[in-house]
Amino acid sequence: MADRVQEILSWYRSDNPGTLTNLYRMLNHGTLAGTGKMVILPVDQGFEHGPARSFAPNPAGYDPRYHFQLALDAGTNAYAAPLGFLEAGAAEYAGQVPLILKANNSDSLYGGADPVPAVTASVQDALRLGATAIGFTIYPASAGRNDMYEELRDLALEAKEAGLVVVVWSYPRGSGISKQGETAVDVIAYAAQIAAQLGAHIIKVKAPTDHIEQDAARKVYEAQGIKVDTMADRVKHVVQSAFDGRRIVIFSGGEAKGTEAVLEENRQTALGGGFGTIMGRNSFQRPHDEAVKLLRDVMEIHRSTWPD
Amino acid sequence: MADRVQEILSWYRSDNPGTLTNLYRMLNHGTLAGTGKMVILPVDQGFEHGPARSFAPNPAGYDPRYHFQLALDAGTNAYAAPLGFLEAGAAEYAGQVPLILKANNSDSLYGGADPVPAVTASVQDALRLGATAIGFTIYPASAGRNDMYEELRDLALEAKEAGLVVVVWSYPRGSGISKQGETAVDVIAYAAQIAAQLGAHIIKVKAPTDHIEQDAARKVYEAQGIKVDTMADRVKHVVQSAFDGRRIVIFSGGEAKGTEAVLEENRQTALGGGFGTIMGRNSFQRPHDEAVKLLRDVMEIHRSTWPD
Amino acid sequence: MADRVQEILSWYRSDNPGTLTNLYRMLNHGTLAGTGKMVILPVDQGFEHGPARSFAPNPAGYDPRYHFQLALDAGTNAYAAPLGFLEAGAAEYAGQVPLILKANNSDSLYGGADPVPAVTASVQDALRLGATAIGFTIYPASAGRNDMYEELRDLALEAKEAGLVVVVWSYPRGSGISKQGETAVDVIAYAAQIAAQLGAHIIKVKAPTDHIEQDAARKVYEAQGIKVDTMADRVKHVVQSAFDGRRIVIFSGGEAKGTEAVLEENRQTALGGGFGTIMGRNSFQRPHDEAVKLLRDVMEIHRSTWPD
Amino acid sequence: MADRVQEILSWYRSDNPGTLTNLYRMLNHGTLAGTGKMVILPVDQGFEHGPARSFAPNPAGYDPRYHFQLALDAGTNAYAAPLGFLEAGAAEYAGQVPLILKANNSDSLYGGADPVPAVTASVQDALRLGATAIGFTIYPASAGRNDMYEELRDLALEAKEAGLVVVVWSYPRGSGISKQGETAVDVIAYAAQIAAQLGAHIIKVKAPTDHIEQDAARKVYEAQGIKVDTMADRVKHVVQSAFDGRRIVIFSGGEAKGTEAVLEENRQTALGGGFGTIMGRNSFQRPHDEAVKLLRDVMEIHRSTWPD
Amino acid sequence: MADRVQEILSWYRSDNPGTLTNLYRMLNHGTLAGTGKMVILPVDQGFEHGPARSFAPNPAGYDPRYHFQLALDAGTNAYAAPLGFLEAGAAEYAGQVPLILKANNSDSLYGGADPVPAVTASVQDALRLGATAIGFTIYPASAGRNDMYEELRDLALEAKEAGLVVVVWSYPRGSGISKQGETAVDVIAYAAQIAAQLGAHIIKVKAPTDHIEQDAARKVYEAQGIKVDTMADRVKHVVQSAFDGRRIVIFSGGEAKGTEAVLEENRQTALGGGFGTIMGRNSFQRPHDEAVKLLRDVMEIHRSTWPD
């Protein structure tokens, strides 16, 4: 299994040993250590949706320490959160779980057609908190996309020079596409490509639907017979779109949903060659033991399911 | 009692000893020293509302030295003011009262639906004036919120590296919400969460009403049975929303009002687990001795009242 | 008399010895040396209104050296001008008269409801030219006010660290107030407060009228019986609004006018406790000897007239 | 032939030996080494048009290593790509092919009349990846052109000081001109001039049509009898417009097209004195061996065809 | 004659010896060496108007070396051009002719009522190319004027510290004035004043007409009887407006015109006390020997014609 980690590291040979070390740490931590698969616990919903909507279903989650412990108990590869949540546990859990400092965030008290998150943390924050990576959201299709790409350029270069890993949440959104287009397979594949071209080490996208958003793309999908019927097909196409599988791409399911739906989505992701998942509300809004079980079940799927 | 201070300091273990030292100084200064409660005197109304509206009711307050002395006489934990007011007394009162340099401010000569304060002071100013903390206002729900969050990110990182405490006034305001929504309990709880996620050590919010502003939030408040009937209920929810009580949250009452109303509001705050209050116009617009008495009465409430 | 200078310096105890030295130089220079009063010659009208409108009435003023000499002949405490005018005489008159480098300026070739001056010089320019102070204009009530406040914050901090004095022209103007409101007594008092809170050592405002602009202010002026009937009353109120008289506030009369009007305005200013005046067009547009006489007459008024 | 390289280097005598060295490397690499002609493989279409539209016709191209190898197999003078694509092969192919880091990029998920690319990489990135040059796109005629010119100014100065070559894609586009005007001969000639004046070492423009866009230009073209009838005429005029041929100007054909059309366009370019071509979709979307053959055929044209 | 140069240098006593050295070099170079007069060859029209409109009338001018040689052959005091044109000859002509690096430029592919040039070069570029000065265009009366003034502030300070001369093209233009107003005598005089106040060593303005644009100015021109009937009168007024003649002011005629018109305009300029001219299209669009003759004739006028 360790060979798989070495294989993955070989895709990142342009990076310095510091970054390779932190990527190794994430790939070799927890339940999926050594498998080349990754399941990450992200908890930025307090900032993104508000505290009650995020934590009232399982009030233990109001306490920032809860999520460090959940990540530890379930054995996720890493725990990702905004500055404040990491500050509130990084010392207590120092070294016990790889941390991803989410460096930009949006809240829901102000809307707008073309979202741009605020950059809420810095590489210096990541270093002082002992994080292994920074996380950054881009919204391709937003009028403000260039601001995000350029903020990411600066943060990513600084992070790489400091030996950190760069994780990009690539979520198309804004006036350039329709609501349905946000999860269209052509758009998600494009979002993965953009994140990879911007220098992401790990890319997180949403699970793609079979909708095709852009006319210019549809012609090619039809002409070339790109298969997008099943989720596994689509995941395969998205992974291929991220440097032919030479970048770690993980998928998220979004809103809280039933256990079986979560498991099935992850089976499809694994069948398509996805590297894993990032699962927030579906884990921390469940009671602790139930969340640990679900996370472990998901991890077992990723450990045992591989593309044909 | 000193154990309570140590307990509070333990929530901030990610901070360096310099910041812990200044937080200790604020928690161990004045009448409430050692209790873990905080009453702060803020005097930025000269900038925010103009000199006559602020100081004519008690003209002694035109003199900047008056407020240092008032803070000293009443034994508040700290005194917060803009650059000019601190410059005009920091040498005379050097070391006698912890100072919070209010680093951004708005005036009332220009309005607008989406307010953004000017950043009027720097961490370097705080250091040269011997302040223990910087204060910063954010307006979640303003179209300009990202500018404020990003200014705060830079100032907070610089302040923390310099061993200062970061106090955030989190006042939702702007075109994202209604006027009534500015003090809605869901919005105030969200405002406390945002400030905590942005890395605030001490958070100041307004006393919440039982209005719920956002539909997405209302569903959760109802589904989870979150109690918001009394002020104490609401304060408890807001404190929980700030990292389950592991961040210092203090409440303000706003406009000048009658003595009994002030005292009752503070009783409720204390019953709900609030850490104290920040009281400007209700103190410095009263005659000196009356103000000292009111501040001391409020402090006595916070000293003696604890949640069930 | 020197005691008065020491008294004034005592208000600025937060400043470093460099700044106190330059403030001392300005207070101890020229005809009013040692009195604590200040009359300053400002010549930025070439930039602000154009050369012919400024200098054609007395063409000697086209030559930048003329104004250094006028300041010297009349014994004003300082001479204030934009970068180019100072560059064109600073070497010739090195050390002979305290210089204030006016660091931002507007011209009249482009208008607009919400003016923002260009920042046309730097602290480094002030230092290389041997200036004792920088001057900076803010327009409270302009939509661009925050830009000015933040530019001033940076320049003021840098100036103070370099031992320079900060002089702020606080001129409310813009879409936040009416034309009449620009000299309303409540607005002028507020403008003085803002400049003081932003860290100005010396504040220049316009002579206030008895108009009250803001409804919220009017209620307080009436309730508290603030006297604004005579110019002396209003000056007294404005001086009180600048930290209860603990900041140097000087007044300007604006457009060129008759000699007696100038003298009477200065008498009222002195009676109200104003620290002096800044007089441009009313001096340099007159023939040299007439200008010297007027400046000396004004200085004599300030020397000999004090509040009851 | 090496004399031709020395002749070309002599046009860049203002550059430091580092830049001359990297320019020499590009001119002396591959099939056209020593001829003074250049054929470059650019692969930024994954970012610009999306992955499926770019790579589905020849899926081997999803893998970033494919393009390094294609450039090597065909013997192009250099390979140009965005940050991510270079990161994903720069170590494996270190030193084997000169790399041009494309430092700004646009995607197609958001449109707009006046495009501005995001700056997606830095000179520091180019250095750490061993690139010989940075590439940068400007859109003259866009309302955002000044932003691009100023970004280029900073990057170009930094690149030259670091001994890198600066390659500019000059593509007029935006609300200043018509769609037809984007390839008008007057506009293309102007675009080449702008790139040269901004300090480009190598300039890439589109093949010009015989349309003349600007009235003020048309008068001159007619009065001076500038020949624009054949592509060779127009290429000659464009090369003359780039410092009388003393800057390397290469031409691109744009969309994928038939083999003969590609070859004929290159014959015309060579006849007009163009230095070569940059050919992306027409090469990497063909099967590998077919692409190598086409690139070599094109190179043979440039090697053997010279202006009369 | 050398006394005249010393006299001129004496106006710039605030500058460091480096800047005085470069100013001396420009005043003591070429045909007018030692006279205190200046004729400069500017060639930025390739950028500003496009290559064909600029160079097709005399195609030798496509080659950047042509203009260095023309400046040398005619003996102009300096040669001014954008970055690319200087890079393409600065090594070949190193030290042979003083160079002015034109640091901002506009092209004609995009219009707009309120022009703002792009800053296309830096002081570091000027230093590495051996230039004696930077050139910078401001457009007073443009909505974007403040951006230009502030860019100039930074560049000018940096240039002066590096011992360079600052040459300002002051061309009023934009929505603040009418088309006719761009050359109105009051506006040109104001433009000269602004450039001088911003710290220019050498100021270039257009030849003024007898139109008066601004009402507030007209009153003064009439009341003070400022003579504006002849070009000599107007030039005299403009020179007076630039610090009473203590700044070098040169005039340009704009579009290409007949030889006699050029000579007469220069006679008037010299009679009015203008320091010389800057002549681009009227020189480099003529055949080489004709251009040299015209430049020498113009220089002879400036050498021999002085105000009464």
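So that you can tell them apart, the chains are marked A, B, C, D and E in the order they are listed, and the count of residues begins at 1 in each.
By definition in this document, a residue touches a chain if its C-beta (ideal position, glycine included) is under 8 Å from a C-beta of that chain, and two chains touch if they have at least 3 such contacts.
Computed from a predicted model, the values in this text were never measured in an experiment.
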item	value
Same-residue or different-residue interface between subunit D and subunit E, half as cut-off	different
Whole-Å separation of chain centres (CA-atom averages), subunit C against subunit E	36
Geometric centre distance via CA averages, subunit D-subunit C, whole Å	58
Per-residue multi-chain contacts in subunit D, two or more chains	none
Ring path (origin subunit C; first step to subunit E)	C, E, D, A, B
Subunit A contact footprint on subunit D (complex, rising order)	46-47, 49-53, 55-57, 59, 62-64, 82-88, 90-92, 105, 107-112, 116-122, 124-125, 128-129
Subunit B - residues contacting subunit A, complex	11-15, 140-143, 145-146, 149-150, 153, 157, 161, 172, 174-177, 186-187, 189-194, 196-200, 214, 216-217, 220-221, 224, 226, 237, 240-241, 243-244, 246-247
